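Common to both upcoming complexes is chain A, partnered first by chain B, then by chain C.
Moving on to the complex of A and B:
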């Protein structure tokens, strides 16, 4: 029975830039094949299908649901719950969905501070337009709110990876992703000699543009802040990581190697273990620019000189 | 109710664990809040382990290693020191008071020094949790 009809796919986006969906459309020759194998029932970027709003969403039933973007408002939460109810397998699609991504940078401030910055009104009273849904206290990744069956990180994920994952999922199997760091797939030359400080991006890396990447020295060893050691690989598909191909250091957009890892702490640990002066990093918290969910980036609340975290306050009072 | 702080102490096998051992046979008194975890070298204590301990409910973490220059693994304790430095700065970013971490260097015969470090940490955490508690109550 199940083999007769084509598997139904549903795509939902929350706070996202649509880059993940565009990346799927970029999968080239695999895409027509893929579209023959599946039926897409909901995909706001491609097709016009209204599913309600104003507090409830009537999404079509689907076998596999893809959700991209992070959860940051009431409306996102309702939409996410609706999708979870209506699909059998839920895939968090892209780094925003798996680790918070760029939207989670707002976790460095409280929701009130964010609103006051974006909708400045009288001090302490932001003027929030009526059609804007209420913000959550912080930006969450999808797996913090609902059960997720498969995490596909990447900003955006590599087109071939997406196509391969969809092809595997519709056969009912669990896909496998590389679990090793970017460095594992990076072909640059490593000598073990590190630059003592982290240089700013004002200087280019040293390389000969006539020569292939394989002849370039490791960017981290050159003193550029390459997040390769603490970022999970796979951005280049089977080839060299994309940023390294372009001779710029990895920015860490695939998130930590282990899903619960902390890129900021791990990266500083790498630098400290190799005797690099970590104080030369200009903006340390930006190392979490792609993985600020899961409570890693937190807004600090100051009370009478004592630094207090809201979560810790709960822990003490409970 | 006043609760005893819980302290996780990572002690290196070659100096500080031996010092803790000596403190035991010398019958030196120290607070019962310490839980010692023996590691082969203080340099193997990854910052994630410290953070994990705090997240799982420890109030403070002590990393105890050999004196600088006397590491069994040549420069493991220098790495531990560098890691502790980044932790002290980063813990605040991540929402923990940097006072909750301490690194001490003790040789295997300096049991008093280790006990002193345990007592200091205990006192400091008690004071910290007092202000913490008061501030939370004032906030609610």
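Moving on to the complex of A and C:
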């Protein structure tokens, strides 16, 4: 891609919140320069080019395609196939695209159960919007559906990382991503002494607000569920992980440290190896809060789902 | 034979929307629909989760205004758990909210809306956008980019994460604000206020005069309005009473938890977002532009219309000028952009006011909470309009039911009416071109879904 022609970039979103795109805009001073170096050929948040009407998407040809969001309707699937055909390098942009992200939390239910909850009609006969794209049986990450050349996790990815990735991709080099965990980028004090149970985040962590975060005790050691050990780092750029900066425990939004890792199993391992009682976690499935694609979060059968929902509140889960 | 013109996706807006315009045999517009095509199911997947976790999950509804969902959810959870916050908790939350409004308004006006006005109307799609603006007006673009960035950086300093925030927690806020931090935020806040005043002056000179002339017919409709005010009738974004104004000017006020008695929701076939209308008017719902029924609007113009006053001085001066020109309620949809910049001034002034409040540096920022069974409704004014989160919890404090009404949802009905009106006035004998399609989109962009 070294010639005189500016590299052509395409940005497509599926089940996305546009946070990934806003994060790109947050690269600040670098942004005008970056926008001048590339030619953006498709980017619905920022530009008007249309890609089609019914069923078919006629996307422009691009050197690099960025796709954010997870794949959750048949329309997303069509759009994703179109993008794959029309770009040379495909980047999964953000945790929804790489691991399912928050939208994949719906995988704990069947598509029908979700529709019944969102559009409660008379029982058994929900009133549904019929002329909108059909939901897929579950929410998929991008690599479950097409070949992906490069994964850039983060919810959203750090602006500097996005800018750096664009800059390297346009010169034709292979970008490098941080492979360290959130803990490895976290400056809090660790003593090796752990609280035996995990508590809910109902009051603030203990720390002296006059002192920098470097003087705060590790949140996990304080008994708060902090997913730092099993989550890939980079959210704070070179600085402290963002949630820890706010003195709030990590919930794993960058996805697993190894891309094929399982945040739930890995976290339970961390807790077990420190003698922490994992049964004290109220909702263990939310350890997969950001990485429920790849079949990791599975729906209970539809009827069970309905029973569970209607009996909540007068039945303790066993 | 009838024909359907589809605009898909609608661009330079947040999210997935499409427009379908139906033409009759003579090529005249007989119907038009704006629908949201993507369903995520937050109401489903928060079920079963511990309520205190919800404020950091629902942020993923929108990456442009995650703070609004974060705060409405935090308020709803407070109410479920019966928490009463220390003053610093509320002040810090509101500070974050107004900072988030600032970034959103700069983004919306300059990145999404202004290219329609600042770049020649027949310009190619490849330059009629922020990239084109960067090339055509580099100095202005650089300043805009810098100022939006500044708001985001201030949020990060104050709250760690700016996109998909975490700092508002059940019972308050996660960390106190230091005294020296407050001073540096104050200086930055002054820069933002200068920029806001510049932006409004600039728009009054360079943007509004031509758009009012050229685009006069775009989406002119008559509806009611909904927004939030305090007990003196002043504009509020963070809390207060909801005020619903009928097109004839009569108003009714209600507290957010009573929303179901006033607002009604209806499922429609073409949108995953339900259509909300003013049930309390007792006239049902009609999207016919000739006589819309039950239709009210939210978001900047609505708030500017329903409030009696704005409590900060510069914004109040601007409000008075606005009213003297356009009356109250002002109905023209493109005035959303004007109202947006008045609110930008208000938000900047409010940042300085909040930072000037001694209580904001109090180290006590959070009251401990106890999970319990309950129901809580939290509401804030999001850039896109009144946002309502309604949760029910079981005795473990886990969610059993959730209902969310987001800003865009209130505006689905009026957007449909506006688009149909615009389409009908621009499309004759089945003739459409890019400029016409873009005008129709502008009717959506004014609302900013």
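Everything below uses one rule, namely that the second predicted complex is superposed on the first by the 294 of 318 C-alpha atoms of A that agree within 3 Å, B and C clash if a C-alpha of one lies under 4 Å from a C-alpha of the other, contacts with A are read in each partner's own complex, and residues count from 1 in each chain.
Just so it is clear, a residue touches a chain if its C-beta (ideal position, glycine included) is under 8 Å from a C-beta of that chain, and two chains touch if they have at least 3 such contacts.
Note that this is a predicted model, so its numbers are computed, not measured.
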- Message: Touch test for A:264: chain B only (first), chain C only (second), both, or neither?
- Response: first
- Is it chain B or chain C that touches the larger share of residues in chain A? C
- Query: Which partner does A:203 reach: the first (chain B), the second (chain C), both, or neither?
  - Reply: second
- Message: One more residue to check, A:89. First (chain B), second (chain C), both or neither?
- Response: neither
- Partner chain in contact with A:298 - chain B first, chain C second, else both or neither: first
- Message: Once chain A of both complexes is superposed, is A:284 in touch with chain B (first), chain C (second), both, or neither?
- Response: first
- Task: Examine A:275 and indicate which partner it touches, taking first as chain B and second as chain C; both and neither are also allowed.
- Result: first
- Once the structures are superposed on A, label A:45 by its partner contacts, choosing first (chain B), second (chain C), both or neither. second
- Message: A:133 in the overlay: touching chain B, chain C, both, or neither? Say first, second, both or neither.
- Response: second
- Contact residues of chain A, present in both the chain B and the chain C interface: 308-309, 312-313, 316
- Task: In the complex, go through chain B and note every residue touching chain A.
- Result: 46-48, 51, 79, 82-83, 85-87, 89-90, 92-97, 131-133, 135-140
- Message: Residue numbers of chain A touching chain C in their complex, please.
- Response: 13, 15-23, 25-26, 28-29, 31-32, 35-36, 40, 44-54, 72-73, 75, 101-103, 105-106, 108-109, 113-115, 117-119, 121, 127-133, 135, 155-156, 200-204, 209-210, 235, 242-248, 251, 253, 282-283, 286, 289, 308-309, 312-313, 316
- Task: Sort out for me which residues of chain A touch chain B in the complex.
- Result: 261-262, 264-266, 268-269, 271-273, 275, 278, 284-285, 296, 298, 300, 303-304, 306-309, 311-313, 316-317
- Item | Of all residues in chain C, those that touch chain A in their complex | 6-9, 11-16, 35, 37-41, 43-45, 47-50, 52-53, 56-57, 60-64, 66, 107, 111-112, 125-126, 128-131, 134-135, 138, 141-142, 145-146, 148-149, 152-153, 156, 159-167, 169-171, 174-176, 178, 267-272, 274, 363, 365-366, 368-371, 373, 392, 394-396, 398, 400, 438, 441
